[in-house]
Every structure is written in C-alpha cells, then in structure tokens.
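Following: one structure in structure tokens, then a few remarks.
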Amino acid sequence: MKASVRPYAFSVVGVACALAIWQVLAEAKIAGNALPPATTVFSTLATILGTGTFWSSLGATIGIALLALALAAVAGVAIGLLVGSFESVKYATLAVLEFLKPVPPIVILPLAVLVLGPTAEMSLFLVVFGCLLPIVMQTVDGVQGTDPVARDTARSYGMGEGEILARVVLPSAMPYIGTAMRVAAPAALVVTVVAGLLGGGPGLGQNIYQAQAAGDYASLYGLVIVLGVLGLLFQGVTRLAERRVLHWHESYREAVPR
Amino acid sequence: MSNSLSTRNRKSTMAQQPKTRLSASTPRLDVAHLAKTYGSGGKARTVIEDLTFTVDAGEVVCIVGPSGVGKTTLLKCLAGLQPATSGRAAIDGRTISGPPPEMALVFQDYNRSLMPWLTVRKNLVLPLRHLKLSAAELRERCDGALAAVGLSHADNQYPWQLSGGMQQRVAIARALAYRPEILIMDEPFASVDAQTRFDLEDLCLKIRRDFNMTILVVTHDIDEAVYLADRVVVLGSRPARVLKVVDVDLPGPRDQITTRSLPEFARQRTEVLSLIKRPA
Amino acid sequence: MRNWVIGIAAPVLLLVAWWFLSANSTDPFFPPLETIIVRFRELWLFEHFQSDVLLSLGNLFLGFAIAAIAGIALGFATALVAPVRWMMDPLIHFLRGIPPVALVPIFISLIGFGTQMRVTSIALAALFPTMIATVDGIRSVSSDLMDVAKVYRLTRKERVLDVLLPAATPQIFSGLQVSLQVAFIVMIASEMLGSSQGIGAMTLLAQQSFMTADMWAGILLLGVIGFLVNILFSLLRRKVLSWYIGSRRLARAS
C-alpha cells in the first residue's frame, strides 16, 4: 500500500518544487519583468478565463484544428487509396511526396499569408497541408499491407473492385489511418497555433503574439499553460478515440511501421 | 527423501570423470528448503514451496516437471537474480545472494538473450571484458568456445542472421567462453527443431566431458532429461516441490540411437513419466 | 523499369510545367520560376550565404546537438532513477503538450533576440521528443537481456553503456528524428519572430515587403534544407542501426 503511493507523492513533490523554484526565481527578478511569479500568472490566467475574447479565441483554435483535421482526413484517405491502389500513380507521386514529407508547414507560411492574408482560411490551409501527407503516407502503407489472400478471397466471392476497396482494403488500412490520425491531431493544434503566432491567423497563437508584443508577460505565460493543457487533451482524446474505433483490431498498437 | 541421495553411490560411468569436489560432505550446489512466494498478504502466490536437492561436482542433473511449475523461478533463485523467500541455495557451502562468479546461465529464449547489435564474437566477448584478460587469451577463449559448438565460421555474423539452433549454440558458446564451473540451462532446446535438439543434447554431453563442468538442465522433455542426466529431479506442481530424485543408470558414452533404444532407457523414462502423470 | 521511368519523369514534368506556365506570369503571387531561380542564386549562394544560410544551419545543428545529448542523458537519468522519474513524469507530460513554437515568445522575453535565444529555443524545444523516447526505449529493454547482463556480472557502467544504450537506440533514433523536425521548425519560427537574420527572417521579410520572388526563393531553400537534413539523418540512422534494420527485414520476410 505504502509503496504504491510513493510515486504519486514524488510527483506532487516534483510539481511543487517546480512551482516553488519558479516563484523564487521570479521574486528574485532574475529576468526582470519577463518572468512573472507563478502566483501572478495564475491570477492573470483566472482573469483571462473570465473574458469572452479568450473563449472565442479558444473556440477558433479548436474549430480550425478540427475542421482542418477532418478535411485532411477525407482528402488524405482518398489520395492514399488512389496512390496505394495503382503502381503507376504511386511511382509518379513518389518523388514529390518524399520531398514534401520532411518539409513542415511553417516553410510555406509566408506564401500562405501572402496569398490568403492573416485569416482563418490561411490557418486552415496550413493545417491541412501539415496533416495531409502523414495521412496519405500511412494510408498507402495500409493499402499495400492488405493481406493479398483476403483480397483474392473477396474476388473469388465475386466482389467488384469498388466493393473490395470499401469492404476489404479500407478496413484493413484502418489501423494505419488511426495511427496517422493520432499523430496528426496534436500536430493540427500545433500548426493552428503557429499560423496564429507567426501568420496572424485567429486563435490563441495570435493572442500569444499580442501578449508578447505588448510585454504582457503574465498573460503570455498563462496562455502557454492553456496550450499545454489543450495539447494534453488533444493527445488524450485522440488516443481514446483510436482505441474505441479500433477496439476490434487486436494489433492496432503494433501498426506503427515508421 | 532427496537428502539421502547425496550419499548414494556414484555411477560406474562417472567414475572415469576427474572430480574436483571440496570434500565428500559438501555438494557443489546445495538447495535446501528453498521457497519462493511472490507478493504478500491476500495476493501472495507461492510458486516454490519447499525444494531440497543437491548437485555434485561434475554431474549432469536435469530438473523436469509440468510446465508452469516454477522451474524458471527456481533457476532465477539459483542464479542470484531473485532472492529466495526462505530456505537457501548454496555453492560450495556459500549461500547465493547475487550472481555467483563461477556460474553461467543459458536462457530459454535465445533470440532474447543474445545482443542483436553485436556480432557472434562480440557477444562472446561482452561478458569477458571486465575480467581484463589479455588479447591472446580473449581470442583463445572465443575461438575455443566457437569451435566447441561448431560455429567457427560464423563469428562475424549477427545472431539474427543465424538459425534458431545456431543462435542457441552461440548462447552456449558465450557460456563456455566465460569458463564457468557450473552451467545452468533453462529449457535450452525447447524452441529448436528435433534434429538440432539431438545435436545440442550431444553438445551438452560433450561439454561435460571436455570441460568437466557441473551442469544443471531444466526441461519439460522427459526423454531429454533421462538421456542427459546422471540424476533427474522430478518436480510436482503448484507449488513446486520435489516428488523424487531418480538415479539414471545408463552406460556411457551415451548415443542418441543406442542409448535411447536401451530397455533401461525406456524403464527410466516410464518411471519419471509416471511420477509426473500421477495426480499429486 | 517502367515504374522508375514514371517515377523520374513525373517530377521532371512537374518542374517543366511550372517553368512554362509561369514563364510570362505577371501574377504578383506567382512569379516566373526563372525569376525565382535567379533570385535563389543571387540571394543564397552569394549575398547572404554566410550571414544567413550558415547562421541558420549553425543554430540548427548546435541546438539539435545540445538537445540530443541532453535529451539522451536526461532520459537515462529519468528512466534509471525511480524518484527522478516520479518527479519528472507530470512535468514532462505537461511540457510535451505545449506546442514547441509557443515557447519561442517566452524565450524571446527571457533572453532577447540574439543567437543565444535561438539556440536555446531550438535546444529546449527539441529536447523532449528525444528524452521521452529514451525513457520509453530503456523501459522497454527486455528483462531477459538485463538478466543476461546480471548473470555474467557486467559492471554497472557496462550494463548502461553496452546493454541499455544499444538496446534503446532504435527508439532513441525515432525520438531524434522528431527532435530534428522540431529543431527545424523552431529554427524558422525563432527567426521569423525575433530576428532580422537567418533564412526564416529573410523569407518573412521578403513576403512583408512584397518581394515575391525572394520569398519563393526562401521557401525553396527551406524546403531543400528540410529534405536534405532528413536524408542525412536517415543515412546516419542506417549506419548506426544497421543491425536493427537488418534484423527487422529478416523478421518481416519470415
């Protein structure tokens, strides 16, 4: 009994220590006003949470992330099925996909801002760009990982190509797609924040930029804490959703080839 | 009942083996009233209740019992990987409290006991490094061990490039290069095919002959136990306890075909089998 | 064979199409590819090579190197010393939830706009993926392997450096790959947010002053760097983890 409590006790001590160190460093003004005390940050955070602007920013951030994620999922799976089903399409797109894969959306942020301006559409575009490729790549892997025996069996039962795609290929690619979504969901949030912070798109990223530019450091820290919590929620919810959707698939945990 | 066995007569086939016993009264490996319980209170699970047996120097002893009897737990206690709950295991009269320097262990699962990032030779060298041997001695030990298991040609390959039987031979070679006085093997031939199994059993007997080691083998294969052992310790299950220690009286040198076709072999395996099959 | 022809022809065709379709473009957003390439050469290969390109890459590699070494070391400390793990766990999880780029404004306010800030931002943001992967890697080392190490009486140093470290390398490398991506992103973000130097700053500046061809040249350069850095990393991984890649390939084939 005692031994099982100990980790939690240490966790509490760890968090308390971190807060205490923060408080002491801030009170000692080691970074001037740039490091506000923890107490100030949390009281500012409480004030922020009472304002309507905060909640509309939060709504914008979550809304953009989720909408873009949905768009990227639909488009990504469609493109992935196409690329994965035809050898020639796969080879034709190979070079482009491989080149774009390690290129993060922040690279094309200037272009997006130039063409679309500091708008929600700009954020949406960047998030879709950022989430699309991982989903496409994983879907392709999933399609190519389909058991050929299952495919042949379906064909021998007289299923058409479309039916095979919907009933055999897609379900067996689901674990891969689930993995891609689990990676893409937190990334969607990150890119939404980046688009706001650097490109002026609506949402919490923009608020952080404004707080920093105005020297309102307590708000800056408060908002970053909100983002941390939000990030944890996104990770937790997607993991839960993946487990629920893919509960039938015993091996969904192993389906992480990359 | 097993205590009486340490004073038994030695087999005539064993008489030719040079003995390195400390004294007639101290067995090489002495397990006395060993018990192991996991957890405590209501969730306590007793895996081993009360085990007593001995292994004399230069002997091959096999431990057989139904699967899940706690054989691996016993070996972990003997190897000093886990402390016993009560009773003791001792080497030459010294209680085992940590991995003993004169002991090597060959694990059941070769593909999880060899380092996949090291070549065969480097796998052999790894346990020898802290012994601060000279380069020549290091090379000689590895060459000798690899030659003994017939893998001299494979020393620069990675374990995962070899077949299961070859990997288990690498694990045995690693133990040989370590030059232990006591070699313990945990179901060493369980996951290899039948032909390889025979080869590895003979390898085990050859090691005993060439290196004069004391060998303890855990197995669930009764034929294998009878074929290999001077004595077979038969365990009963849940929790594990010694049912009987069977003296195997087969002439040597043993041979897969002639030994296994002896009526005596059949009689002894029947004896062991009936002990295990009999409801406890 | 046919597939490789398609594979090479498709991107070439794409570039050729871009070249001709944009040749006489007067669209302010999409200048001719020729103009972009000319500007690319003028900007990055001569004028700003040392002042911006080398500066950015130097920050990237320095920050990443610090993150890699500190991440692996902290990961080992966290995984091997239980009290440290219990204390760090909630903090790590919380910090992991924060988008790395959101930390940049904080570092700007704490350290200012200099090179120091950028390297610190890159190093700290890139630290977590490696650290978390290292912890996971060490904790998933099979107990069989550790039993082998104990039975053969390896010293504590040998157990850490010769068993745990290599056994955890595959996972550490996955972490390093994510760290490298994060380092690249934060490099760009730190330049865009708080600097007039570096490729990211130049690119954003070009966009803000409507020098579209310069902006395109910047995007192209960043894309190429992202791609090349990833390739370099893959080559390193293939070298260090050849045993792992080989054994996985064999396991899959059987």
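Read from first to last, the chains carry the letters A, B and C; within each, the first residue is number 1.
Everything that follows uses one rule, which is that a residue touches a chain if its C-beta (ideal position, glycine included) is under 8 Å from a C-beta of that chain, and two chains touch if they have at least 3 such contacts.
Keep in mind that this is a model prediction, so the values were computed, not measured.
With centres computed from Cα atoms alone, the innermost chain of the structure is C.
Compared on C-beta pairs in contact, A-C and B-C come out with A-C as the pair having more.
Rounded to whole angstrom, the centroid-to-centroid distance between subunit A and subunit B, based on C-alpha atoms, equals 53 Å.
Subunit A and subunit C have Cα centroids separated by 17 Å. The mean-CA centres of subunit B and subunit C are about 50 angstrom from one another, to the nearest whole unit.
Of all residues in subunit A, only 6-11, 13-15, 17-18, 31, 34-35, 87-88, 90-96, 99-104, 106-111, 113-115, 189-190, 193-194, 197-198, 205, 208-209, 211-212, 215, 217, 220-221, 223-224, 227-232, 234-235 touch subunit C in the complex they form. Within the complex formed with subunit A, the residues of subunit C that make contact are 2-4, 6-11, 14, 29, 82-83, 86-91, 93-106, 108-110, 181, 184-185, 188-189, 192-193, 203-204, 206-207, 210, 212, 215-216, 218-219, 222-223, 226-227, 229-230. Residues of subunit C that touch subunit B in their complex: 142, 144-145, 147-148, 150-155, 158, 162-163, 166-167, 169, 243-244, 246-247, 250-251. Residue ranges on subunit B touching subunit C, taken from their complex, read 76, 79-81, 99, 101, 103-105, 107, 109, 112-113, 115-118, 126-127, 129-130, 158, 160-161, 174, 178.
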